[in-house]
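Here come two complexes built around chain A, the first alongside chain B, the second alongside chain C.
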Partner chain A sequence: MINVVLLGVVYILMGVGFAFILNLLGIFNLAHGAIFMSAAYGCYLLVVKLGLPGFVAFPLTVLAAAAFGVLVERFLFRPMKADFNRTMMVCIALSTILVTTFNRFLGTRALSIPPFLAGTTGIGPYKVQTDRILAFAIGVVILVAIILFVDRSRWGAQMQAVTQNREGAALQGIRFGRVAAIACAVGFGLAAIGGVFMGSLYNLTPFIGDVTLIKVLMLVILAGLGSFNGIFYVGALLGVLYGALPVVLNGAVVDALASIMVLALLVIRPRGFFGHE
Partner chain B sequence: MILGLVLLVLALGLLPLVAACGGEEETTTTAPPATTATTAGPTTTAGPTTTAAPASTDTTAPAAMETLRIGAILSLSDWYSVVDAADKVDLEYTAQMINDDGGIQVQGKNYKIELVIEDGKSSLDGNTAAATKLVLDEKLPFVVGPGAFFNLATTPIFEQNKVLHVANYNGLNPAEMNKDTRYAFLGLDPITQANAELKSLMLYYPDVKTVCLATEDATYPAFEPHFKALVERLGLTLSGDPVLFATNAEDYNPVASKIKAQNPDAVWMPVGIDPSYFGILTGLRTLGYEGPVTFPIDAPSVTGALGDAATGIVGVLSKQVTDPHISAPMKRLLEMGDVNRHVFGLAPNALYLLAHAIEAADSLDPTAVRDKWETLTSLPTLYGDGFPSGSQLFGLTNHAWAHPIPVALINNGQVEYKPWIIPDVTP
Partner chain C sequence: MSEVTKISPAPEEAARIEEAPKTRPRRWPRLSMVGALAVVLALLPLGISGSYYMHVLILAFMYVVIASSWRAISISGQFNIAIGAFMGIGAYATAIPSVWLHWSPWVTIPLGAVAATIVGAALAFPFARLRTIYYAMGTLFLGYVVINLITAGGKTTGMSTGLGGVQPLFSDRTYYYYLTFGLMIVSMLCMYRFEFSRIGVRMKAVAQSHEVAASVGIGERRNRILAVAFGSFFAGLMGAVYCHYQGVASPSSYGLGATLWIIMYILVGGINSFWGPAIGVGILLIIPEFFFRDLKGDLPYVTAAMLLIIAFTMPEGIAGLVKLVRGRIFDRGRREEVRADASGD
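Presenting the complex of A and B:
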């Protein structure tokens, strides 16, 4: 059960981060998986090579990823003026550079971020790694914070305004550049949170982001482009799919089943579960 | 503004950190002196074996050696580069080792190996292109690699052009190697590796009677009959249906749950990748499963990733200089670079075998080398004395080779190296 909810939380974090950038900037950030992977390696380096405690390395990594997001928005995304082809190429190039860099220097071994909390917790024979419970709790807190940020904060309101009507928002004095930078910072930061969770609970390889990116794309498409709420529901659904189905199905059958679901949905409901015109 | 600058410094700070902490395969040293040849008998376990590189009796390289260009296909980009980028470093070291010992001696002349390495790009298309370039553009008579199922793409090209090719290992697909692929050789019969895992398990955990077979799903159809036959030959019983997993999964706890549900005496994971092995093992231990688990390992990776949770592991194929049983050529190879690097030792072993076969044939004609190689029943490998295996399996005599396999037991994060095991010959 904890696997299901934890995977669900990670997918939702990743999906929300991806959706922030997609909805506000219109950019299909194919580098999202690479950011996820880089953050996991970054946290690993801070903990293992520099000896920082996990609770220090975690926020540092997230802040670094958010800052990187601001830089990417300013120097790579903004000059492309939301041109689909050019931004896609930028994302692919960014992803390739990051994956190749980590593969070149750290790729020959599967690594793991040491657990923030060692040991297991449970009742009787039913045990779960304490780290997982912690990751789940932190993930839920962050998701609640994100919801409050979007719904209650001034910046969140500006982001919603830009999502609904960029020109209208501009006429109201909302500075698109600043909102875009915030969206990238939040998007990259959320990818980093997901990466650190996965890197501490599972293992690191330079290609972990590829797998996760595919799931995020599925999530966003299933939820419906432009839908934040849908991401929460579909993230939970994917958590069940990938956390529980492997118990009864073998290997890649789970991936195939998820892919069939996406294909079927695209045929029956092209806008996704919660998408709108 | 100040906050922005702080964030920017943090972001930029991570990149040099990556560079500073990595680069484990960078160092280069001169090879130690060559060793002399001895042989290991066909016993259950082998002690240290020493085997010489070609022309090892003459440790001084002639003043002017001719060059023999040998092709190699390794996937240096994309997903399979995790293995092949590391193997490339050791392939070059192996060529250097052979060259330092006087190169390959053919008809009184010494040939220095010059590697022509092409990137297979972790895809069938990429491997096809690489093989085509080596054969048609470079016109090379001998090629090492590729590994895994990429041989599906390259074997037809090599066979049509009568290029002798030595695969690092393969996925047992008949299209990779069959009775008609007379120029195809294989550096490691994969069934012998699986055999070594089970034999080691039985040797160090004699009470084990039932094993749960947990393996990667994509390659399983080709391996299935051979794995089942192997279990039967060794007198073990499978505890239930094989548990198959995808190597791109994130969470392996469901797989661990399925394994534990079979309540086996031990768990056998013959094919997979480190994240799968580590994820399953962690899941098993969290669920309270305490039986031994056997799989191919790199000991520092296991202890580094799992720490004290690395326990009850019977690992094979870990190559470390601290292993007192390590073969002389492998020790020498390890000492040519950072001794703590992850040595996969697949393509390097294929090159080592090829060099000795060429020398045994005393010819640079691939057909003559093939004909001679088919008569050989022993060849030096980086792991000690190699022997043919799988003649019936592959439909070719003396084309697939096997060698002693390193064994290590890991308990509570501590590694104990055991005598290398000589696997049974695959029928």
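Presenting the complex of A and C:
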């Protein structure tokens, strides 16, 4: 049960990060899955190789990912001027480099980040691992913080302005470059949080990024391109779908069902459940 | 097409669409170059018979056709991320009768191509409603559905490990070389005819503005479905040949990753040129495999570096660069125009 909820949280984190970059920069960040995977591996290396406690390694990973996001925005995304074809090439090159690096140096065998907290806690009649509850709590706090950030803060207002009308925002003195850098930092940071959760709860291989990327695309499409609230509802739905259904059905069948659903939705209502043109 | 009535007729633009074939590029120097290359490739097996290089070239021939078939779809303005799935349909449509019913490959390969065409055309029908990014995403999930259905297919499709024991066509690799080479020549001729014929012009008109196209009687849906059917035929054909060549049909060869790399070939070569996909395969597949083979596991770095270099320096791919350079040398008077052309805006 907690798995279902957690999976939902991970998908929402990923989806929100992806939507940030898509809405503000107009870039389909196909490297999002690779960032997710690299963060999980980075955290694994910090914990296992350097012996840092989880509470230090986790924020460190997220900050590193956010800094990486700023660099990627400045040196890879900005020169491409949101040209769909060229950003696609850059994203694929980036994700190839990351996947190859981890594949080369750590191999394809499945690894797992050691749990931050050992032991289990009883909730009613059920026993639940404590670190999962912790992860869930952190995830919820971060999501609330993100909503507040977008709704209430100055930067959040600037982001909304840029999403609505880039030229208009520029005329009001909002620097697009800075907003884009923030969006990339937040997007990559959220992907890193999702990656660390995933890496500590499930097994880690260099290829988890690709699988997760598909789910994130699914989420963003179902919610509707440009929609923000939709991601929360649909993320929860996907969490249930992928957390609960594999118990009764074959995993491949679940995948097929979910993707047929997305396909049907796209054909019937391309703007998604919560989107607007 | 109820939108048609709203649009004011634009006679100048309509006329430009109809005139397009007259402004074809000069073809003869290019064709003779391609012909010379073809002769060299035809004689090459005498030198490299049975070696690894031959294997790479066989794959390259197949990918040239697949990448070009993607471009044939894209000239009607459709960014299709399901080309791998069309290959997969062709592959499994030939692998399943071949393995379970022991049919001859010479029957099942055309079967695969036809199956891919029929499925492609049938699926293109609902997708003709979607445009731009929605079409791209729709086809991405279409590819994902096809791979998932194959994986969920049980014993018939061999699940995620793939269906092994597909009968080989020949025992000698040289025959494969000439088969794929011949198929490539024939397919490229077909696609050349397709693109530079009246049909191709209609496709390009739809891509530029489906509304203007509709106002001069060029139906959007019809042409888009035709493009997908045409492209998926060649993708399915090559998917089928590929699967007999490898002796196994496995879903991972036809998934999103494979599709994205095919698109990379096209973007590297230049999406706006007929020879772009072929150039892209030459650059991104042949060069790393021929000259950087010793790197083994580090090979993807070379490919990624090439992608970055091309994304940064050549917005229109290699073909765009060639166009730019030729413009500087031969058409000094038109230099500005060519530069504006190649910068893509």
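Here is the rule we go by: the second predicted complex is superposed on the first by the 273 of 277 C-alpha atoms of A that agree within 3 Å, B and C clash if a C-alpha of one lies under 4 Å from a C-alpha of the other, contacts with A are read in each partner's own complex, and residues count from 1 in each chain.
Heads up, the rule we're going with is that contacts are C-beta pairs under 8 Å (C-beta built on N, C-alpha and C of every residue); 3 or more make two chains touch, one makes a residue touch a chain.
Computed from a prediction, not measured in an experiment: that's the story for all the values here.
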Fit-or-clash call for chain B and chain C when the two complexes are aligned on chain A: clash
Contacts of A:L7 with chain B and chain C, given as first, second, both or neither: first
Chain B versus chain C as contact partner of A:M198, first or second or both or neither: first
Which of chain B and chain C A:F68 touches, first, second, both or neither: first
Which of chain B and chain C A:I208 touches, first, second, both or neither: first
First, second, both or neither for A:L60, with chain B first and chain C second: first
Touched partner set for A:D255, first chain B, second chain C, both or neither: both
Broader residue contact with chain A after superposition on the shared chain, chain B or chain C: B
Part of chain C, among the options 78-86, 204-212 or 240-248, whose backbone runs into chain B after overlay: 240-248
Overlap of chain C and chain B interfaces on chain A (superposed complexes): 100, 103-104, 210, 250, 252, 255
Complex contact set, residues of chain A against chain B: 3, 6-7, 38, 41-42, 45-46, 49-50, 60-61, 63-68, 70-71, 100-112, 114, 120, 125, 127-129, 198, 201-208, 210-212, 242-247, 250-252, 254-255
List of chain B residues in touch with chain A within their complex: 4, 6-8, 10-11, 13-15, 17-25, 77, 79, 81-83, 85-86, 216-218, 243-246, 248-255, 257-258, 273-275, 278-279, 282, 286-288, 298, 300-301, 304-307, 341-342
Chain C contact footprint on chain A (complex, rising order): 28, 30, 79-80, 83-86, 88-90, 92-94, 96-97, 99-100, 103-104, 210, 214, 217-218, 221, 225, 250, 252-253, 255-256, 259-260, 262-263, 266-267, 270
Chain A partner contacts - residues on chain C that touch it in the complex: 79, 126-127, 129-130, 133-134, 137-138, 140-142, 144-145, 148-149, 151-152, 159-160, 256-257, 260-261, 263-264, 267-268, 271, 297-298, 300-301, 303-305, 307-308, 310-312, 315, 344
